[in-house]
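See below for the structure under consideration.
Chain nomenclature is as follows: A, B, C and D, assigned in order of appearance, with residue numbering initiated at 1 for each chain independently.
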Amino acid sequence: MSEFLAMGGYAIYVWSSYAIAVVVLGLNAILPVRTERREIAELQRAINARTKHDTPS
Amino acid sequence: MSPQALVCAVLRREFRRTARNQSEAGHPLIFFVLAVMLFPFALGPDTALLSVVAPGVIWVAALLAASFSVEGLFRSDFADGSLELMALSGAPLALVGLAKALAHWLVAGVPVLLLTLPLAVGLGLDPGVLAILMASLALGSGCMSLLGTSISALTVGLRGSGMLVALLILPLYIPLLIFGASATANAALGLSAAAELYFLAGLLVLALTLTPWATATALRIRLS
Amino acid sequence: MTYPSTRLDVSNLILERGEFVLSPALTFTAQGPSLIQLGGENGAGKTTALRALAGLVTPASGSIHWCRQSIDKLDNYATSLNYIGHVSGLSAELSVRENLEFIAAIGRQQQVRSPAAALALLEAQTFAEQPVRQLSAGQRQRAALARLALFDCPLWMLDEPFTALDADSRKLVENLIDDHLERGGIALIATHQPWGGRHQATQIHLGRQST
Amino acid sequence: MFDFLNKYASLMHFYRLSRRLSQWLAPLTAVLMCAGVVGGLWFAPTDYQQGDSFRIIYIHVPSAWMSLFVYMSMAGAAVSILVWRVKVAEIALRCSAPLGASFTFLALVTGSIWGKPMWGTWWVWDARLTSELILLFLYLGIMALQNAIEDRRVAARAAAVLTLIGVVNIPIIHYSVEWWSTLHQGPTVSKFDRPSIHLHMLIPLLLMSVGFTTFYISALMVRMRTEILRYDRKTNWVREIVTTHHGSPSSV
């Protein structure tokens, strides 16, 4: 297992590349989902606020 | 209303406006000379080194001067409503864009070419290379004006569009810089610079055919 | 010389600007001599509506027909239209005459008078040589309206033409519009000032309604 | 045909379509990526020239390929914005730019890391890497222009024109950078010619490439749904979706 991790002496380069890939792709996966959830929550709040203050026209 | 008459009308108007506020038209030229003049202070006065660097320095300074001077091309037209008027006059907006680019080239491009002469001598560039530098800059400044007109039409009326135009336009100027600087570098080594000059001429023709459409579309978008 | 039969049909025009949908669907027909006044408080979309009718802005939905042809398929719509926005369209550095000469040179509309004659009609010839920068608002407005006398267009669209005009300049412009109507022209005016001319104006009120 | 396009490109239909699409696209991306990484790190034999450092290819090449693929799909969206005024294309253009920039950045970083063991320097002015660098600036330019204009519909159309200007310039930039790098470094074989590709090496590469593409589409879907909700927030179909949603997150 340890010689697998060593990557024939290029461990730093290979693993750092994969780590950066995980970070970049991870951010592109998680951040949009979080903004979507926040947007939905915001819209819910706006709708609740409007229905509460809606004077019957 | 023949196209030539339309182009002449736009040119006449641009020259009158430039004549009436010369200081504004002078700013990019002063910037160009200043930018080139900084390098002897940075690299030391010996012209042996300076003459090697001179073509690249002059090309980069010309690029920056063009990207700053092209920003204000439509600004006052957009503000005072004459852009709206030109769009509704029935005249082809692409031709107006082309005339504007030609006006910019004559007002900002040609003076940069003329200023290159004393600057190149100051940087110790020998006359053979200078001729090629002037040829490449002549073709290159044409492309700069055409491409710059389209990009400035895209950002007209936006606040802070000064830096925005430079940010959008410089990546697109890189091919011009590559062929322009390498043409002069080849000339300095005694090699023929024909290939690069042909490329620059090719880019100029491409810009002449495509950018008017882009300028017209961009202006219509900004007016909507 | 009267205009050939002219007709502007607008059917359920809906305009969108940023988040707002402007004006409930706009539908009207203007035929032969007719004056339409677009009313509504500031920001109700009068200018956007006028710009859409002029073809500058593409409406979200609805259609505009000039002489029974849709304006975006019509390439000579511009030659029959004289549009004056609330911005003068005159460059500050140039003199009034130079501006008008440029407008005459670039315009495809049918020119009937020399720039000097057009300026005289608007009593603007006294300051024709002054740069527009030095003009008062009323003078600049009259210089801008000189385009109405320069070209012969059956369709006029004026955005707030009477702002900054004193009483007799206003009378002057109203007469100009009335002459245009007598020759069978159509005029659309976006203003909330009352119309004092001879012809009867049909009112269209634009109310802004966010979606 | 255009009314059909516009009616069915309406945002509500697209929103529902993208929900269904995400349901199975996200797990597929995960499977493809894992298979590609496992294949690339374990099963692919060591390259006789570069040793194990060649395994960076499984990140560098797919992301470099994606940086161009995203720009081309943005150019397609740009044409449909300018010609047919399709709202969905406007939102697709706005949401694709950051993804394209991320792929380009990833290609740049992994490219220079890959170059380090071979040439001893972190950055080398290789033709392909330099073209990627300029492509990154094109993406940043499109994003900068979009943020500078408030009205979303005008911003989308302006960005569409800039994208088309960019797409014409990409081959010019690529060719002039090739010319420039051969001029200054001499016509050596470009450092990035892939090593003679062995079958076991090729399969993970294909898996990763398809995985990156499905990742782009599913990440784009999420971004677009957020944008659609914000765009149509006053309509009642959005109100009904939001109220029945109780905040359960949609999968990636």
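Annotations
Assume a residue touches a chain if its C-beta (ideal position, glycine included) is under 8 Å from a C-beta of that chain, and two chains touch if they have at least 3 such contacts.
Not measured: the values here are computed from a predicted model.
Taking the mean of C-alpha positions as each chain's centre, the chain lying farthest from the centre of chain D is C. The distance from the centre of chain A to the centre of chain B, each centre being the mean of the chain's C-alpha atoms, comes to 43 Å.
With centres set at the average Cα position, the gap from chain B to chain D is 33 Å. In this assembly, the C-alpha centroid of chain A lies 53 Å from the C-alpha centroid of chain C. Annotation: 37 Å between the Cα-based centres of chain B and chain C.
Those residues of chain B in touch with two or more other chains are numbered 224. Multi-chain contact residues of chain D (touching two or more other chains) are absent. With touch defined as above, residues shared between interfaces to two or more other chains in chain C number as follows: 58. Listed by label, the pairs of touching chains are A-D, B-C, B-D, C-D. Those residues of chain C that touch chain B in the shared complex are 51, 54-58, 76, 78-79, 81, 83, 85, 87-94, 98, 102-103, 105-109, 131. Here chain B touches chain D in the complex through residues 147, 150-151, 154-155, 158-161, 164, 167-168, 170-172, 174-175, 178-179, 182, 199, 203, 206, 210, 214, 217-218, 221-222, 224, going by the rule given at the top. Chain contact summary for the complex, chain C toward chain D: residues 16-19, 58, 210-211. Note for the complex: chain D touches chain C at residues 85, 150-153, 234-235. Against chain A, the residues of chain D that register as touching in their complex are 37, 41-42, 46, 51-53, 55-56, 59-60, 63, 98-99, 102, 105-106, 109-110, 113-114, 116-117, 215, 219, 222-223, 225-226, 229-230, 233, 238-239, 242-243, 245, 247, 249-250, 252.
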